[in-house]
Amino acid sequence: MSHGMRVDLNGDVGESFGAYSLGHDPALVPHLTSVNIACGFHAGDPDVMRRTVALARRHSVAIGAHPSFPDLQGFGRRVMQLRADEVENLVLYQLGALAGVAAAEGAAVRHVKPHGALYNAAATDSMLADAIAGAVAKFDPSLILVGLSGSELIRAGRRAGLRTASEVFADRGYRADGALVPRGEPGAVFEDATAVAARAVAMVREGGVRTSDGQRVSLTAETVCIHGDTPGAPQIAEAVRAALETAGVRVMALSAAS
Amino acid sequence: MSHGMRVDLNGDVGESFGAYSLGHDPALVPHLTSVNIACGFHAGDPDVMRRTVALARRHSVAIGAHPSFPDLQGFGRRVMQLRADEVENLVLYQLGALAGVAAAEGAAVRHVKPHGALYNAAATDSMLADAIAGAVAKFDPSLILVGLSGSELIRAGRRAGLRTASEVFADRGYRADGALVPRGEPGAVFEDATAVAARAVAMVREGGVRTSDGQRVSLTAETVCIHGDTPGAPQIAEAVRAALETAGVRVMALSAAS
Amino acid sequence: MSHGMRVDLNGDVGESFGAYSLGHDPALVPHLTSVNIACGFHAGDPDVMRRTVALARRHSVAIGAHPSFPDLQGFGRRVMQLRADEVENLVLYQLGALAGVAAAEGAAVRHVKPHGALYNAAATDSMLADAIAGAVAKFDPSLILVGLSGSELIRAGRRAGLRTASEVFADRGYRADGALVPRGEPGAVFEDATAVAARAVAMVREGGVRTSDGQRVSLTAETVCIHGDTPGAPQIAEAVRAALETAGVRVMALSAAS
Amino acid sequence: MSHGMRVDLNGDVGESFGAYSLGHDPALVPHLTSVNIACGFHAGDPDVMRRTVALARRHSVAIGAHPSFPDLQGFGRRVMQLRADEVENLVLYQLGALAGVAAAEGAAVRHVKPHGALYNAAATDSMLADAIAGAVAKFDPSLILVGLSGSELIRAGRRAGLRTASEVFADRGYRADGALVPRGEPGAVFEDATAVAARAVAMVREGGVRTSDGQRVSLTAETVCIHGDTPGAPQIAEAVRAALETAGVRVMALSAAS
């Protein structure tokens, strides 16, 4: 068994809005070590954010911002072509807004993980990635920037002098180049909790996972994402956490002292 | 000449939005000691906020948040009936958002002044006033809460343990009970810079002003508002400031050490 | 059995938005004769509206607009103080928007029922009621205006020369003055499908219903509302419809030739 | 002098929003024969739309819809990657909304011209162009679709069986391939009213114009756009109209019987 092996379990939460409820936050959060809270641009509103911060705090889960393109109707999943300075400013705005709400619960923001189309674009577009990393560094250089393992966002975070966290998706198939198999293709999504848990353990302990055609892709796995909108997300989170702990991996927040 | 007499000159700024330009910020800000920056709910967007914070900083003017009901079309001037917790959360959100943008310019938020319908409602509705004061105190108890002189908002700020600043409008007529003469009625608005300046001096030096029918209304004047959307606002600000200084009043930000 | 007795069964539908799903439209719509479709201001977006029009059309259910105050976060349930001309214009906008989407499905709008806070305010505020009725009459004077039975909105519709439909809520308690028992008070809400169905039959056949303290309140019942967000809404709709038909009442759309 | 030569003069109007004023509509509209009215997605609100329809009607100018991506902050100038069905539905929504507001002024929509990033994308993306044309045809097949001369949008309009109008920009430089010289490059914009007027006459009478390097580009010019946000737009419109009429071109709305 490896010494000092640790990983964070994160989930996107606080994605309800007004009268609309989404996700399984109360059941999911207790199994996580970090949550990424929507900041009002793709989901979330000040009331949902307050409630979600309080929930995370009750379970001693680390709080992070989940900023997005401004597109509530598209849930932040539609690409918008913005200038770098526009992206920097909207990340600052959302980060600050969450910090403001969190302050009322005596909580602080610990990390930042972009959402949806912004996350995906920042994986390959270095200018966009630098804009996001720049916003985080200017807001608070002690924050941790979470991005796709091997992505431009991780490199941008390092360039900005930030601590970064490489994220893997245990419920998603990977291609040999480290990219995710696009949804809709065979092997894109794993739904069985046991299979997902086994993949998580492989990613963390072995630093990689098999592609669908049997190749091995190397991955740095500092945080494992649990998709909160999957049916059975709480059960998957529980299974992943149990499997990791059984395998001798300490599951703890990125920001926690080791 | 009175010893230690001081006052702040504040203006609502950063009320442009996207392609839309409003106000005379670059000409007005140099004459002020504090600015109240729109936070995106009635006006302002992350880019406008960033630009406005930078402008204030260049002129060493104190930065405050100008939170509003969420009503861009109505410019925050239409009453919305929200619960107290909704108001608390939307003030936290806007305060945080501005603080986030300000951080990128190395600036900090020093005060909070609600906008439009929220300001007016908080002058008489103590529950709403407590919600606003509570948000400010939870966000940062060192912030100064600006409200209408003699209003419920000032009382709520004191109840919350905040430092408060009583605001007067030198370009507006007052009724004997301390309320503003409603726009549209005779004596509601003063447009002549010299007249406005004289009223400002009276308010600060004598602690009150004459009503249109010759009565005297007492006013605590810790900050004088210059309406930025008035034509000639920069000239009025300049005249008010010069008249105050000539009268021996030190014009300085609320947050400045005396 | 009464001759010519008829009633409409209506439901508020199309209240999903983007990634957010609300209500039980596919199960509910087949039991209704009219639907009120959200127009994007409190709920609904162009895609949801299109889908909802198509659903209604498949089941030959009459299509109506469900305009609201512009308040997505508050789901149109928060009062906003708007001028009459603002209300007239936002009703025109929403009515037109739905008609535009409906045109693509070969469907026409037949009626209008305001939503939430706008519906409630228009029940007692005759200026607001006239603004809504005016918008409908200017858009298409052949549309039917649906309002609370006995309300100002019904009177305003008549003043504007519109055909009106008096609405009753079989699942809500009434006070002796014809107002609804406020939610939260005893007797405000009936959840048992059989009880709701019996009340609907009484309202339509006897022109009234008992209050909780045994008085009788007279009600004109031209359309019965089924709340779509109640759990079991489809079952309630089915029970109400069956009970009405068993009682010899023809259940048909307001706009249907008798 | 050519027989039967005619052209339309169009302008984008109604681009104010709430407290924000943009453009010179009252001075510009009298010189035009058609106006494209913002529908609330990039600019405009129900009140602005109503006012603008009334203005157009007072001057007997043809009314058209100016639909956009949903991006008020970006004024519809930022590309959003939407599916074709999303674009179809948002065009239907905006078209209907304008028709609803126009109905209250006894006016009808006669044409549709997409705005900003949607206009530009539809010039080259045939799927997007088909989505827009499909929306227009489904809403009202008698409407005229306005697009860049030589663009995919014109071809899509023809495929959809619509009457189309090829638009030229007399104040913009063209490349030999018929595309506009991008703003910021030399020869991109003409600001002198006389020069713009001469170009308009050449485009209409000679069916083309010179590029900056002296080549000739052929253009079909059925409608000439006057940019309303240019300083001096009303004067340019007046000069263009006078020059066209002097050259024997009848300036009349697309929808006018010849």
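For reference, chains read A, B, C and D in written order, and residue numbers begin at 1 within each chain.
One rule holds for everything that comes next: a contact is a pair of C-beta atoms (placed from the backbone, for glycine too) under 8 Å apart; a residue touches a chain by one contact, two chains touch by 3 or more.
Fair warning: this is a prediction, and the values are worked out from it, not measured in the lab.
Enquirer: Looking at C-D and A-D, which one has the bigger number of contacting C-beta pairs?
Expert: C-D
Enquirer: How many Å are there between the centre of subunit A and the centre of subunit D, using C-alpha atoms for each centre?
Expert: Here subunit A and subunit D have centroids separated by 44 Å.
Enquirer: Just how far, in Å, is the C-alpha centre of subunit D from the one of subunit C?
Expert: Chain centroid spacing, subunit C to subunit D, equals 40 Å.
Enquirer: Where in subunit A do residues touch two or more other chains at once?
Expert: Subunit A, residues with two or more chain partners: 73-74.
Enquirer: Name the shape of the chain contact graph, picking from line, ring, star, complete and other.
Expert: complete
Enquirer: Spell out the residues on subunit C that touch subunit A in their complex, using ranges where they run on.
Expert: On the subunit C side, the touching residues are 17-22, 43, 45, 72-75, 77.
Enquirer: Which of the residues in subunit C end up touching subunit D in this complex?
Expert: 40, 46-47, 49-50, 85-86, 88-90, 92-101, 103-104, 135, 138-140
Enquirer: Within their complex, state which residues of subunit B touch subunit C.
Expert: 70-71, 73-74, 78-82
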